[in-house]
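Common to both upcoming complexes is subunit A, partnered first by subunit B, then by subunit C.
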Partner chain A sequence: MFLLAIFIAVPSFIAAAGRSDLYYTLTAVALLSIASAGVWLTFYIGRINIGQGAFALIGAYVSAILVTKVGMSFWLSLPLSGLFAAGVAIVIGVPILRLRGVYFAMISLVLTQVVTLTALALPVTNGAKGITSIPLPGGVSILGLTLIPDFATLENPRLAFYYAACVLMVLTFGAMYRLVNSRLGHLCRSMQQNEELASSIGVNISYIRVIVFAISSFLGGIGGAMFGSIAQSVYPSSFQVADSVNFMLNCFLGGLGYVFGPMLGTLVLYFGWDLLFELGRFQLLAYSSLLIILMLFLPNGLLSLRLPGKKGADK
Partner chain B sequence: MSHILEVRHVTKKFGGLIANSDISFNVNENEILSVIGPNGAGKSTLFKMISSFLPTTTGEVLFKGERISNLKPHVVARKGVVRTFQETTIFKSMTVRESIIVAQHLRARASLAGYFWGTRTAHEDVDSFGQYADDLIEFLGMTEIGNEQASNLPQGNLRALGIAIGLATDPKVLLLDEPFAGMNHDETMKMVNLVRKVRDDRGVTVLLVEHDMPAVMNISDRIVVLNFGEMIAEGVPAEIQNNERVIEAYLGSADDEIGI
Partner chain C sequence: MEQILANGIYLGAQYAMIALGLTLIFALMNVLNFAHGQMYVLGGFVTYTFYGQLGWPFVLALLASCITLAVLGALIERFLFAPVIRRSSREESTMLLAAGLAFLFDAIILLVFGEKQRGVPKIVDGVFNWDFRLIMPYDRILICILAILSIVSFILFMQYSKTGRALRALAQDRTAAQLMGVNVARYSMIGFALGAMLAGLVGGLLVTITGVNLGMGGPTSIKAFMMVMIGGAGVISGAIAGGIILGFLEAIGLAVLSQYGDITYLLIFVSLMIFLAIRPQGLMGKPWG
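Up next is the complex of A and B:
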């Protein structure tokens, strides 16, 4: 159902309405929801993560550098940028994941700023000028069979990006769903609820924390890399602290108890912001007030509105 | 009889405060040994050092001749020495059954990735975890509350759940933290029987820390008494009951009362 909707219904609707600019918006939603899914996963082990922007930026830069300087295919650089972000997460995560609650949140908040400043300072990231005119993703073919066409030759690269982002999103959330319902998910829940008790039953909590943080950052890196490729440019300001905060808000809004919460949260938050554009300078005020009201009345997120008995991952 | 657990000259200092001073005793296989003492005697500190939740300042704890002090708690649990907590430490939003399934972590044969991909070993594990959880729930007489969320359970059941979580790890030694605290006579007797059953049927050695004198006298094979961080007595319940130093520690000495 859902797959049909995003792969067939949405494109045909857009074609009918002639609003091809919506492709860009929806692609952004798909990619941001991937990064938000990562944040959601760190919530799942009881850590408030306001640092996903850092990993998205890292992913975007790694991919951009690999494509422009090394001449690597984008499709190869995509997983590599995710892996690089995960590697960074492991190095940073080992010391900082010991912190709990607001202390971890504060450190993670600083991460985004650190990565932004690093990008400004390093020669390889080209400082404030960023990396621009990144070529569109090339084609992939195996034994003469074209798996992914060259985006530059397509007449409608927006649609292609939309499909690519949706495929990534579906893969991400499919994997998340499996993960949450597998043993790792159960262990995460046990840690979220009580780390001491979890370690008393033999769970290596520091190991699992790092693994989860790495997966989270992997998703952040992938989302960021794809974003950079669509914008065909990366700047130190591509992902800022505000973006990190938004990734977290997406999770809150969608519901921390539901795997698909970040997806819905991203969609609502992204469109909500645009819809309030009419209000001009009151946009931010109205937007913030709405968010506060939503969180007061729906502390478990939008998905808690669903009918009981259809509770998905939160069984 | 062989010693399954040896506490050797364990001392713990917090800055200038000496919480435990040179404590040594052995726990025999398959016995129930209680550590008792008035408030502030250092029972909890000792308990945490045995389960490696706190490092020792000096001295060591051996399990089957192997050092288990100053390690990480999960490593000690893996070796087979598992502690329980007082009732507030549970997995609040899991049901009894889910808690027991999670607690079988150590019995898992498939890797975490295996569970993700759903390999055959993983499926077998999941089946056996569920089976084991049902068995354990029946063994502990918790069938009626098996699918209750932990946060909804009354206090007495929470203790039993704590023990169930500990047992699900398949321990050799179970360390119980004040299992009778705040219970009335009936509840205490139920718990005493449960702990006995755990020892008798599952062959688990039990070391418990407790205030409740009658329950301790009833359940213990041997007792270790602490006072002001020092070990003042060790023996079977009858010996402890008649030990002058123990009576003094609990009731104050006759001299004190007359003196001032």
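Up next is the complex of A and C:
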């Protein structure tokens, strides 16, 4: 039902309305929601993660460097950038995941700043000039069968990106749903409630939280890499502290108790921002007021509106 | 060397004041106030309006900054934070509210004051010059002394006044304070107002030296978070220590590493992460805040 909606109904609606710029917006929503899903996962083990921008930036840079300097295919660099981000997350995560609550929130915020500054300082990232004119993703064919066409030859690369991002998003959320309902998911829930208790009944908490953080960063890296490829450029300012905060807001807004919360939150926040563009200089004012009002009346997220029905389906 | 030390004291005193407000709000309500930097900018703009535009005496303008921010802080606590804390099932929801507030303040400042850099005329002219070993404009010295005075009076207020005692009790144990007859709702409001007032006061002090512009809010918040992390969240002495340490690190880094470009902050961030890995609760914090 939902798949049908995003793969057939939305493109035909856009074709009918003639607003092909919406593709870009929707693609961005899909990608940002992948990164937000990662943030949501760290919330799931009871950590407030404001560092997703760091991993998105790492992912974007790894993919950009692999494509431009090594000449690798984008589709190969995409998982590699995710894995690289996950590797960084494991190295950093082992010490900082010992922190809790506000301390973890603050250190992850600092992490975003560190990555931005590192990107400015390292020679391979080309400093403030960034990496520009990244080629569009090429084609992939196995035994002469074209699986993914060359994006540069398509007459509408936007549509192609839209499909690619949506496929990624569906895969991500499918995996998340499986994860949450798996053994690991149950262990995470026990950690969210009480880490000491979980560890006392034999849950290896330090192992699980590093794994979860790595998965979360993997998603951030993939989202960032895809974003870099669409924009065809990466700068140290591509993902900043504000983006990290936005990833967190997406999760809050959608509701922390629901797997699909980050998706809805991203959609509402990103679209809300775009719709308010008409207001010109009052855009930020209206946006932030709406955010505050939403928080006042629905502090547990948008999805809490249909709490009773959802709860029955989840359990 | 003397120059670096003097710069360190000067920066440290300002930073300590910013961190104090943040840590006070955190200790009382468990709220990480993302909007702290924006409150600071707002304080700067109020002083700019009264002192720079309307020609009031500097002290009065500073007072106006304090009062504006204190009233604003009280209103925000009463009508935004208190209801959300009551209704939300997770206390982290207040972070979303605080981030929303940060955006809101940015929007208001943009609409009311514009995006330009604003400065005010100097309050004192002249430069203190000790044999070219230590050069410091008089207004910086004055601001530094004023900042230290405010910190001292804040500590005295927290130690000896009735309100201060109630606030400290609240920070220590909310339920126990309530059982001892402290009006929790009222003192939460006062505490938040006090924290916001401190932000406004620093903003008003610093507008005379660095000026003020819209973009200063976010970076200031991050710096304040760092200071609070160094010293330990929710501890007043920790906030002061964190502010002074960061001030010195910055002064030394800028002097020693200037030829390598902008890596001072990178180094500070990295060493902060290593420090926190070894001592997660900061210098003086309670474990697990």
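As a working rule, the second predicted complex is superposed on the first by the 310 of 315 C-alpha atoms of A that agree within 3 Å, B and C clash if a C-alpha of one lies under 4 Å from a C-alpha of the other, contacts with A are read in each partner's own complex, and residues count from 1 in each chain.
Assume a contact is a pair of C-beta atoms (placed from the backbone, for glycine too) under 8 Å apart; a residue touches a chain by one contact, two chains touch by 3 or more.
In this text, all values refer to a predicted model and were calculated from it rather than measured experimentally.
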First, second, both or neither for A:Arg189, with subunit B first and subunit C second: first
Partner chain(s) touched by A:Ile205 [first = subunit B, second = subunit C, both, neither]: first
Which superposed partner A:Leu197 touches (first subunit B, second subunit C, both, neither): first
Partner chain in contact with A:Arg98 - subunit B first, subunit C second, else both or neither: second
Residues of subunit A touched, compared between subunit B and subunit C (which is higher): C
First (subunit B), second (subunit C), both or neither touched by A:Phe271: neither
Touching residues (chain side subunit B, partner subunit A) in the complex: 51, 53, 72-74, 77-78, 82-85, 89-94, 98, 101-103, 105-106, 108, 110, 112, 115-116, 118, 122, 125, 165-166, 168-169
Subunit A - residues contacting subunit C, complex: 48, 92, 95-96, 98-103, 105-107, 109-111, 113-114, 117-118, 120-121, 241-242, 245, 248-249, 252-253, 256, 281-282, 284-285, 287-289, 291-292, 295-296, 299-300
For the subunit A and subunit B complex, residues of the former touching the latter: 175, 178-179, 182-184, 186-187, 189-190, 193-194, 196-197, 199-205, 211
Touching residues (chain side subunit C, partner subunit A) in the complex: 26, 30, 32, 34, 80, 83-84, 87-90, 92-93, 95-97, 99-101, 103-104, 106-108, 110-111, 218, 222, 225-226, 228-229, 233, 261-263, 265-266, 269-270, 272-274, 276-277, 280-282, 288-289
